[in-house]
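Quick one: the structure is below, and I'll ask about it shortly.
For clarity, chains are labelled A, B, C and D in written order, and residue numbers in each chain start from 1.
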Amino acid sequence: MQLTEYLREQKAEKKILLMTHLVLGYPSFEVNREVIRQMVDNGVDLIEMQIPFSEPMADGPVILKANQAAIENGAKVRDCLDLAAEITAAHPIPFLFMTYYNILFKYGVAKFFRKAAAIGIRGFIVPDLPPEEGEEFLALAKEYGIAPIMIYAPTSTEKRMRELAKPGDGFIYCVARRGVTGRKTEFDRDFGDYMARCRRATDLPLAVGFGIGSRQDVDSLIGQADIAVIGTKTIRLVDEQGPAAVGPFIAGLR
Amino acid sequence: MQLTEYLREQKAEKKILLMTHLVLGYPSFEVNREVIRQMVDNGVDLIEMQIPFSEPMADGPVILKANQAAIENGAKVRDCLDLAAEITAAHPIPFLFMTYYNILFKYGVAKFFRKAAAIGIRGFIVPDLPPEEGEEFLALAKEYGIAPIMIYAPTSTEKRMRELAKPGDGFIYCVARRGVTGRKTEFDRDFGDYMARCRRATDLPLAVGFGIGSRQDVDSLIGQADIAVIGTKTIRLVDEQGPAAVGPFIAGLR
Amino acid sequence: MDKKGYYGQWGGAFIPEVLYETFRELGRAFEEARSDPDFWPEYLRLMSSYSCRPTPLTHAANLSDHFGGAGIYIKREDLNHTGAHKANNVMGQGLLVKRMGKKRVIAETGAGQHGVATATMAAKFGFACTIYMGEEDVARQRPNVFWMEKLGATVIPVTSGSRTLKDAINEAFRDWVTSMDDTHYVMGTVCGPHPFPEMVAWFQSIIGREARRQILAAHGRLPARVFACVGGGSNAMGIFQGFLDDPEVELIGVEAGGHGIETGQHAARLAGDDGSAGVAQGYKTMFLQDSDGQMRDTHSVAAGLDYVGVSPILSDLWEKKRVRFTAATDREVMAALELTMRKEGIIPALESAHAFVQAFKEAPAMSRGEALIINMSGRGDKDIFTIADAFKDPSWKQFIIDKGRQYAAD
Amino acid sequence: MDKKGYYGQWGGAFIPEVLYETFRELGRAFEEARSDPDFWPEYLRLMSSYSCRPTPLTHAANLSDHFGGAGIYIKREDLNHTGAHKANNVMGQGLLVKRMGKKRVIAETGAGQHGVATATMAAKFGFACTIYMGEEDVARQRPNVFWMEKLGATVIPVTSGSRTLKDAINEAFRDWVTSMDDTHYVMGTVCGPHPFPEMVAWFQSIIGREARRQILAAHGRLPARVFACVGGGSNAMGIFQGFLDDPEVELIGVEAGGHGIETGQHAARLAGDDGSAGVAQGYKTMFLQDSDGQMRDTHSVAAGLDYVGVSPILSDLWEKKRVRFTAATDREVMAALELTMRKEGIIPALESAHAFVQAFKEAPAMSRGEALIINMSGRGDKDIFTIADAFKDPSWKQFIIDKGRQYAAD
């Protein structure tokens, strides 16, 4: 089943879906396993697994630090792929890769797709790869049936959004605000306008990320978005309280 | 009696005359008195008393230091003049002032001459006052009967020496070599040529200074010069052994 | 140029969506400026009245005699205001910012030269200014930090990654994705996403335009070779552009050989075999990276060359063999610096001294009738702490020790 | 000029006989050079190919707006090679030394700028070089000492007197009276015995010739006022000469007010009442001296203004009321420096900042149609230790403390 359809089905049953994020290898693959188990057990609908990169340009300080710590701890791309294979086999929900383009490029983009497909990865989020630069990437995504997740930003015009929707699949990742991951977002009037613009531009489900960390945040997205994305918040939680805190936190979000 | 005649008379009786030097106020006026007494008692023929100046451009390190120490100790021009008056009254030999032009200039050149004449000073040695700059100075020297001592240097041409001789009186101070006071001079062939040149240029007695510090040095001047000038050497001697060492040193020079 | 923003297979604009409109606007402003017949003259006027352009081309007669081969000419970018070629780029972008009506500029800096130049431009144009600088570079280049702050800029030490230039670039982008509405990112070299390489190369082309005219006047014909150090590549591109269409002029880029290419501690992306193609910091070029695509630590005595990437335009010219690349080691750099000071009374920046090294290697075997040009990208005063360190100057050390004690006692 | 080497009652050549021939030779060489139609063009060629002449005249639009009066223009001597106007004089004398066939140069230096410039010239012309520098200045200006040594010069700390500039001059003369056969003394400013004031003024006149042309081009007419700081007076004489024959241009020399003229800790020889006529260091001028004629200690935050004497040409222009003299205090200087950095992105040397102080005081009351020129004699980079001290910059202090500890541990 395609990712989009899966999401539509799930959405039919829930007011809003939850996507969580984690950085592979941070603080360790061991902890990754536990965190993912807690997430899945507590009803997360899909998970983006970030393969660490040394130059995570679009990430804020928490995720940046996680990327660099993972690499320093020796997390190799190969190890990330191995863990991902283990995880997708163990859990029934869809998993996506989030990473920067150089990781694919250096691995070999086609080879990377082949590997990801073999593992059962359902989508790629690559924040530094606009469709203009993604010809090969988009072709391979189609070939391997892996959803290339397009990104909207508050600075995107409606025209631009429509263009982005075309090659997009799975869902659209709507960046909630200017800036990098990890800072608080205000879900105000401007935000509502922005979401309305997103909605007009595409039929794909809309995920909203950047700065979502509480039930209140999630609630305020209901009706405006299909998926709430929890990123930095769980990394901080694991840093501060360990993986066991993730389950209760997720359970309390909706 | 004019200085020149005095020197000629003395020279008739001695193979060579001795002129010594000291810095007024260094190390103290007290020591100056004692040093001069020793010099006179041991047969020095004339003495140049340097009035200290803060910028003694033509002096080497020892005399430079003596100048600056005297000023730091509070030696004023007035004090120097007072001491000079006391000295000239106490001793029968001719005394000269050696100083830089600013001391005269600031005091008032005419006033300075008047004062020096009153004290009985017989000549002025002002190393930074070439005759081109000394119109007023030379006129006053004539007026007050104070010998303006001209200076020859190894770099002076014979023509220049003849010009210098014209306004000169008393004697000519022949700088023995390039450089400042205080370093050793070689009395070699070149030096002989130089002295011959000096002799041809003037009838005035010739004094030779810079770097003379031993009986051997003085001996080597006999026949070439009329006066040997002892400068730095006695200052060093007083520094190292005190004023009492001056008498025996002078006595041993000739 | 091939595909928009590409040079052969290199370049592009690998930017987050949030910056899409910003880049469109920037690209438009740049194109408009470039096709406005008044813009370049305005730029020239600024550079000749605020900086000292045209900078001279100095005939280094003593060095020429010393090596006994080619006539050595030095293009004097050190005589620019703020002491390096960085001013050319920064002032040009300043004019663009004014056109775009933005009120704030941000920049990354490694050696601090680009930071000082940007802070200077911001003061001149009345912009607010934030400079990102790796924490390690902040420590190494304190004098430049001091000047940036005095010029009114806020200097933010970057504590992520290797805490050097590349991390400062990331951090500047992180600022920009928040602040793009009123802020322009003044990229310091011919790197980064399109249109930066093209834009910076255009502003820096002022070096080559002048140098071409000057060498023809001084030497009567074109030089046989032109040498430039390559960090990001802006000074090299600047002078090379004067001679790109003259196949008889050989162009040589000199990278940081650090402790020697064989040690792995260097910043040679194109010379040697350690670089490989990659995409990072918004563009595709040859990077120093591991087999996973993680950027490696680099080393150079010259902070301005200590960078993992290189201009995509230069990667293309390298691939097409139009520019030859070599590397100079830290040790060679100090020797060339010393010789140049003694022989010509000229103190090259440590970066620039890399170009001198290679020119000195090649000059003796060139014929006397030939000329070579060394692009002296900046002056070495800024490097006194590094140079005094490298020469282990005892009086300098004592001076710093005493000064430090005095401050500690305050 | 009146009597040879005199300007009114000032000037002359109060030199020891041993230097008589040397000065004759120098005077002759200078006269020959001045009447040789090829000499000045050769000098211009050198200055435009080795240094960056003509240096720009920068319109300081922000400062002009800030003060709301006269249009403020800055003559950019800071963009010279070695960072100050000192290069003009030194390179000119270098050409003379070549003509005279001498092989060694000596110089005094206070701030170190003239020392660096002379060491640079010596390297360029292949002369041996010895620099005399007061021990106190050696300690204050270590970076410049470092560069002089690296440029191949021997720096001799002078331990006599106040251990500053005047003592270095005495010491240079002491060298010269020994070494004149093969050595030229490169006097650093328009002071000393004739023909130095005339010669240095002639070489520095390049500033005023350019500035006059430039202000006419930029402003359409002559400036109402021209400001320059006055140490020995060479940069001031340099720019003033462009306007001496224009009675409508007011010329203002700014001396070092130090802690305030009333405190006695300053170096104002012509502004205020502390100076008096005297003869020292080979010439007659207004000196800071006591009633016996002993030179006094002077004080300025700017080492290059910290001198007891002043150009005899300026004493004459002061006496004739052609040049007005004022003084700027250390405190005012720091404020002007800070403002100039913030508003224009320009860092004047502490010496030059004195001229800025006075211009800033007068600009507001001048009319908008008028222009004033500030001669920016040098750049402030060289002063980082002093400026950071004055601003009590804590990060700078920490940097030096850490660096000092690291050296101490080595």
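The rule is short, and it goes like this: a residue touches a chain if its C-beta (ideal position, glycine included) is under 8 Å from a C-beta of that chain, and two chains touch if they have at least 3 such contacts.
All figures in this text were calculated on a predicted structure; none of them were measured in a lab.
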item: Chain whose average C-alpha position is farthest from subunit C's own; value: B
item: For subunit A paired with subunit D, centre-to-centre distance based on mean C-alpha positions, whole Å; value: 65
item: Gap in Å, rounded to a whole number, between the CA centres of subunit D and subunit C; value: 33
item: Chain centre separation in whole Å, for subunit B relative to subunit A (CA means); value: 98
item: Computed distance of Cα centres, subunit C from subunit A, in Å; value: 37
item: Sequence positions of subunit A contacting 2 or more other chains; value: none
item: Residues of subunit C engaged with two or more neighbouring chains; value: none
item: Arrangement of touching chains [line / ring / star / complete / other]; value: line
item: Complete list of chain pairs which touch one another; value: A-C, B-D, C-D
item: Of subunit D, residues touching subunit B in the complex; value: 12-22, 160-161, 166, 170, 173-174, 177-181, 276-282, 284, 287, 289, 291-295
item: Residues on subunit B engaged by subunit D in the complex (per definition of touch); value: 53-58, 60-61, 64-65, 68, 71, 76-77, 100-103, 105-107, 127-130, 132-133, 150-157, 160, 164, 175, 178-180
item: Of subunit C, residues touching subunit D in the complex; value: 48-52, 55-59, 62, 76, 79-81, 83, 119-124, 126, 139, 142-143, 145-147, 149-152, 218, 338, 341-347, 381-382, 384-385, 387-388, 391, 393, 395-405, 407-408, 410
